[in-house]
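Chain nomenclature is as follows: A, B, C, D and E, assigned in order of appearance, with residue numbering initiated at 1 for each chain independently.
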Amino acid sequence: MLLGKVVGTLVATRKEASMEGLKFLVLRQMDIDGKDVSGTVVAADGVGAGVGEVVLYATGSAARQTTATHERPCDAVIMAIVDSWEVDGKEVFRK
Amino acid sequence: MLLGKVVGTLVATRKEASMEGLKFLVLRQMDIDGKDVSGTVVAADGVGAGVGEVVLYATGSAARQTTATHERPCDAVIMAIVDSWEVDGKEVFRK
Amino acid sequence: MLLGKVVGTLVATRKEASMEGLKFLVLRQMDIDGKDVSGTVVAADGVGAGVGEVVLYATGSAARQTTATHERPCDAVIMAIVDSWEVDGKEVFRK
Amino acid sequence: MLLGKVVGTLVATRKEASMEGLKFLVLRQMDIDGKDVSGTVVAADGVGAGVGEVVLYATGSAARQTTATHERPCDAVIMAIVDSWEVDGKEVFRK
Amino acid sequence: MLLGKVVGTLVATRKEASMEGLKFLVLRQMDIDGKDVSGTVVAADGVGAGVGEVVLYATGSAARQTTATHERPCDAVIMAIVDSWEVDGKEVFRK
């Protein structure tokens, strides 16, 4: 899974019918040192995340293993909201 | 899902029989700040997108989760036409 | 799907039995402006492509969605021979 | 599979219900010469790895082929703890 | 599929039970011009490859389409030993 910060929301009224009702969140990818890295992605929200939160997201076929995204054309899903993590014995992030 | 701008169309008469009838669109990848990034891709059209529109596309096995692409050798599909998105509280794009 | 130019062929007599009879083609990846990009790949041929032709190839699990590659350890397949494409209203390539 | 060093742990109390009980470990990717490379990832632990250990992790749908991660929205799993490896006849790493 | 040179072996005694008996080989990725590129990977051996051989390997879910790796947490498998290939009419490699 990758780390991302939820920085915005996206609206798309014309879409695959199966995507109806899903919330799209805009993410900036972070590395484990808590720094932004260049990747960005739009993910479906599987856990009720909000703007400003740091999340774990899964990509590829794993992104369809949630109730909300099952058998949908969805390749990125937020599957956890991060409370904290540490690297080399130091806390890098706490919510 | 990734953001892309539809910049063109592609014609391929000799192809896997299962791809018959699918429309191929040429995309430039965009980041969430609305800028072009280096990636380009050819995607099947699942929503009737047109040249000039900004779209969300899904890659990998997710690209086969539409009626048009089910069980086809297709690894990228446009699954939504973007109306707008915002980043850090500012609107980056509106159709 | 990605664009590639078929630049060569590859011979491998010792291989997974299930790959018997498949033709391996050597591809240079192209971007939508028709320029070579750094990626290279070896793909199974699903459409009878020849050296010099510009093709669309699918990667990942999509590469097993052809009769030739079904349930094979194959992660890249040529699924169309490109006739032409255009970008920003101008024809970039014609066969 | 890729090589990574376990450098930390991650806590996420609000997550997909199916991820309950899984341990998330923070990895720095290594190359086969034993050097850090730029990629970082958060992986589920399938083998009881600890901070400081060098591990093999699998990504994509392979990450769901463990008892712990079966049908979970998980795209990276530690599936082995590395004892040693050698490159060009020289031992690069020994636990 | 990608080209790689087998440069070493890896030992991991503590691993997913389903990986028991599989041989892990260390690969340097090659491009179609026969040059090393920066990627490195650890792959399961599906064809009895040895150190020094140039091989084709498949990644992603394709890596589980061999008898040895079926339903295993394996995302890279050597599926052919390369005899030769040519690019632009010239032989780049012969075993």
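Note that in this section a contact is a pair of C-beta atoms (placed from the backbone, for glycine too) under 8 Å apart; a residue touches a chain by one contact, two chains touch by 3 or more.
It should be emphasised that the depicted structure is a prediction, and the values quoted were computed from it without experimental measurement.
*Asks:* Same or different for subunit D and subunit E, when you check if over half of the residue numbers at their contact belong to both copies?
*Replies:* different
*Asks:* Fit subunit A to subunit E on CA atoms, both being copies of the same sequence, and give the resulting rotation angle in degrees, nearest 5.
*Replies:* Rotation angle, to the nearest 5: 145 degrees.
*Asks:* Suppose each chain is reduced to the average of its Cα coordinates; what separation in Å results between subunit B and subunit E?
*Replies:* 32
*Asks:* What whole-number Å value describes the gap between the mean CA coordinates of subunit A and subunit D?
*Replies:* It comes to 20 Å between the two C-alpha centres.
*Asks:* Where in subunit A do residues touch two or more other chains at once?
*Replies:* Within subunit A, residues 59-61, 63 contact more than one other chain.
*Asks:* Around the ring, starting with subunit A and passing to subunit D, what order do all the chains come in?
*Replies:* Listed around the ring from subunit A, going to subunit D first: A, D, E, C, B.
*Asks:* Tell me, which parts of subunit A touch subunit B in their complex?
*Replies:* Contact set of subunit A toward subunit B: 7-16, 18-19, 24, 26-28, 40-44, 51, 59-61, 63-64, 71-76.
*Asks:* For the complex, give me every residue of subunit B touching subunit A.
*Replies:* So the residues of subunit B in touch with subunit A come to 1-3, 31-33, 46-48, 56, 58-63, 65-66, 77, 79-89, 92.
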